[in-house]
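The data blocks that follow each hold one structure.
Here subunit A shows up in two complexes: once beside subunit B, once beside subunit C.
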Partner chain A sequence: MGNIVEQIQGVPLNHYIIFCSIIFAIGVTGVLIRRNVIIIMMSIELMLNSVNLLLAAFSAYRGDPSGQVFVFFVMALAAAEVAVGLAIIIMVYRNTKSLDIESLSKLRW
Partner chain B sequence: MSVFYLVAFLAIFFALMTIFTKNPVHSVLYLVITFFTLTVHYILLNAQFLAVVNFIVYMGAIIVLFLFVMMLLNLNEEAEPVKSNLVKIMGAIAGMCLLATLLGAFRVIEPSNEMVAAHADIGLVENLGKVLFNEFLLPFEISSILLLAAMIGAVLLAKKDVKKA
Partner chain C sequence: MKELIWLIPLIPFVGFVINGLGRNVLPKALVGIIGCGTVLLSFLLSVSLYLDIKAARDAGEVAEISRHLFDWFAVGNLKVSLSFLIDPLSSLMLLIITGVGLLIHLYSYSYMSGDNGFGKFFAYLNLFIFFMTILVMGSNYLVMFIGWEGVGLCSYLLIGFWFKNSSYASAAKKAFVMNRIGDLGFLIAMFFILSTFGSLEYKEVFGQAATLSVGDSTVLIITLLLFVAATGKSAQIPLFTWLPDAMAGPTPVSALIHAATMVTAGIYMVVRSNILFTLSPVTMEIMAIVGLATALIAAFIALTQNDIKKVLAYSTVSQLGYMFLALGVGAFTGAFFHVLTHAFFKALLFLGAGSVIHAMSNEQDMRSMGGLRKSLPVTFVTMLIGTIAISGIPPLAGFFSKDEILAYAFQHNILYWAVGFLTALFTAFYMFRLLYLTFFGEFRGTAEQKSHLHESPWQMTLPLIVLAILSAIGGFMNVPEALGGHHNLAHFLAPIFEGSNAIGSTTLTLSHSTEYILMGASVLGAIVMAIVAYNTYVSKKNIPVADDKAEGGLHALSYNKLYIDELYDAVIVNPLKKLSTVLYKYVDRLGIDGFVNGLGEFFVGSGKGIRLLQSGHVGFYIFMMVIGVVAILIYGFFY
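The block that comes next holds the complex of A and B.
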């Protein structure tokens, strides 16, 4: 374990911020360019994960465990969100026979 | 130190593959690898509890849920809806703009360039448990209500409507 701890000594906080921003931007791009509802949900998971990692990095940086507890709550929330979201997707698929997000455009009214 | 950059590169690569692959099942599998690289990041941060929870909840529960839904809906590549190229290019440009904005903002505020210090023991299960059950006991209990509500909601939503059928 001491070896692993030595591994992270050399990584500045900046690089964690940049890395997590890149993953978050990839998630946003995924939401924008795909039309499959399931892949949009997966992109949202990607965004949540990047934020989680940044919270954990700040928590390790400050030496404050509250950040990691918060990550735990975000994970519980993500699990609930995925369960309800996928149930809604299944319901939509039963009614429209397609996973295209455009098939929901009737909701615009 | 170099392990971080290698794993970060892999995470970015597989995240890109996730959103650019045509086949949704391949997309889910790339997402598994992305989550695994993030688990490695947690281990590098010495957040062992989060690493284990990430492994179990994300790679175990959430990904299996995605795969089950894909199996249930019987997707294949032909059923995949495709956006027009113009919208794709505009989406990619918008994502890059967001990234540029974020990075520019971070450059202006100049977050400290110090190394992430290894507080060796805050991520261990024992210490997190102490914090979780002292300061965060009420949110912890409330999150159980949230999970219960989500479970009931998912069952109610996904159930076939008996009266209509």
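The block that comes next holds the complex of A and C.
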């Protein structure tokens, strides 16, 4: 444990923050501009994991394991979300024969 | 017997429930038997109670039966029980209510037999007897108030009995509203009594009142408020205009409620509270003046009315004014005596008028009558007795009671006597005018009406005969000493006035010769008026002209009822209506409705605008979400 912490601390904290922000921004951009539903799911995953990384980094720097515990929760939630999300995507595909997000435009007033 | 006094109100109530529930199911005969029978039972109980009280009085014992039924409610120091008190005053009132009530029930059986609402009518009448007996039997002001409100309700229901005629329905509303103004006075008076004496029980209130000094300001307020209540219920200025309109109800109702019993509730209440009123000479003076003014004005209006029931209605108002005059000058016994005799002869006159109306196929205008004495002999004779009685010609009932009042008025202030005497002259004139126009001369109705003329059946004539006998001999229960009597009624009622006497009440101190002169004057006046009326309406056949041929001066003033209704409309009703319209238009519609509807419209409108955002494009949703997150971030960053 101590070893890993030292390794993590081998990289300055600012770098983690910048790196995670970039990955998060990529994830957001992916969600916003891509139309394939699976890519959008992956982008969401990217956002979640950037946050995970940031949590782990802060946890190590502050010597507080609760950040890592929180990461586990996020991962569990992400797994569940992916399971449900993929199921929805399969159903959408069966119904519309398409993975284009625009094919779901029935969700309107 | 003493244990059973609660049956007196209960039995008519049972009758009300049975007749009310079975009004469309029960056969008419059964409805009539239940309606009359319940009142008969109450009457028998009342008679036996009266005999008990009478025996106790004669033996010099305490003539009082009080019966505590149950504690109604207790809040803090206030404890109100439902309890009854029978003393000489209430036992006499009970006799009148159930006795005259019984006769009128019997009369109604025939009078209303053709009406669709027969069962409903008897149910209402029984309910009225229930409330009226509660009113007089209660041993505290709250129980009296229950009855007070209840009889007002019955009066409303019965005036508006033929509610399909909208003018009848509005007459009922008028009566109800005007009574309500008076009731408010009663209610506030009760609050004052409670805060002053800490109880509503007569005994405690009067016991504590005896220790107060004359002219106490709280008592002044209480008595003034009670008097306001009495002006509403007993149709005095300024609240008297409902009573003539109340003639919209069936005639037996006019006889029972608007002549014999309910309208005398105000006098009963004042007599009951006599000690409070004795403590407040200012109220007494106001009462005398209001009573006198009412008596004169109503008699003046009655002089020219052509509707037979309207004449009697104004006559009732006038006689009630007489009673208040009597109360005001301290003649409590005289006032109550007049209540009793008036109940006899006015019920008789109303029932007689009902008999005439019945025979005339519902015609009430005296200009279409005339010469009815041949076709309606029993009605004629009994009405004649009633007319003589109300005019104050001896030895019939009205003479004794009216002269007692006039003697007290004379002693109090000769001006009061003069106005009272003038009223008595008016009374004699309009009553004989009614009699002559109806029963003398030629028949003036249509040929069809003439062929229908008939004497009423026995159910209607029997009450007339009984009431005529009572009107004839009723006066002998209180013959003044000047005429060799013993003031029996005054002695019987003496316990009621013990408190007032201790403070110093009025006793008649006139010499016998003065009394003889007063009696002679009023009797002579009445006879002269009868002759004048005979001259005008029989010898000269001076039948009142049709409505459209107006006569000027005093006649028009009297015929149009002194324009009092118009005055009230202009001063009170119309401004209130206008105020209501303004409130309706601007406060209710514009303000309250505007606010509520505006709020609804705002949300509907904004929903319509905002729903456009929900375009269905998932990409757009996500975009909005991101913008939201960014916005929250920025907000969190800066604040």
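Here is the rule we go by: the second predicted complex is superposed on the first by the 99 of 109 C-alpha atoms of A that agree within 3 Å, B and C clash if a C-alpha of one lies under 4 Å from a C-alpha of the other, contacts with A are read in each partner's own complex, and residues count from 1 in each chain.
We adopt the following convention: a contact is a pair of C-beta atoms (placed from the backbone, for glycine too) under 8 Å apart; a residue touches a chain by one contact, two chains touch by 3 or more.
Everything numeric in this text was worked out from a predicted model, so none of it was measured.
> On subunit A, do subunit B and subunit C fit together or clash when superposed?
On the shared subunit A, the partners fit.
> Using the touch definition from the top, say if A:106 reaches subunit B (first), subunit C (second), both or neither.
Second partner only, subunit C.
> With the two complexes superposed on chain A, say which partner A:32 touches: subunit B (first), subunit C (second), both, or neither.
both
> Going by the touch definition up top, name the partner, subunit B or subunit C, that contacts more of subunit A.
Counting contacted residues of subunit A, the larger count belongs to B.
> With the two structures laid over each other on chain A, which partner does A:98 touch: subunit B (first), subunit C (second), both, or neither?
In the superposed model, A:98 contacts subunit B only, not subunit C.
> Does the superposition put A:56 against subunit B (first), subunit C (second), both, or neither?
Only subunit B; A:56 stays clear of subunit C.
> Look at A:46 in the shared chain and tell me whether it touches subunit B only, subunit C only, both, or neither; answer first, second, both or neither.
The first partner, subunit B, only.
> State the minimum pairwise Cα distance, in Å, between subunit B and subunit C in the overlaid complexes.
7
> Output the subunit A positions appearing in both contact lists, the one against subunit B and the one against subunit C.
Common to the two interfaces on subunit A: residues 28, 32, 35, 101-102.
> Could you pull out which subunit A residues touch subunit B in their complex?
Residue list for subunit A touching subunit B: 1, 4-19, 21-30, 32-36, 38-39, 41-43, 45-46, 49, 52-53, 56-57, 59-61, 63-66, 68-69, 71-73, 75-84, 86-91, 93-94, 98-102.
> Enumerate the contact residues on subunit C facing subunit A in the complex.
Going by the criterion above, the answer is residues 611-612, 614-619, 621-623, 626.
> Over in the complex, which subunit B residues touch subunit A? Could you list them?
Result: residues 1, 3-5, 8, 11-12, 15-16, 18-19, 24, 27-28, 31, 34-35, 38, 41-47, 49-50, 53-54, 57-58, 61-62, 65-66, 69-70, 72-73, 75, 79-83, 87-88, 90-92, 94-96, 98-99, 102-103, 106, 111-120, 122-123, 127-128, 131-132, 135-136, 139-140, 143, 146-147, 149-151, 153-155, 157-158, 160 of subunit B touch subunit A.
> Enumerate the contact residues on subunit A facing subunit C in the complex.
28, 31-32, 35, 40, 101-102, 104-109
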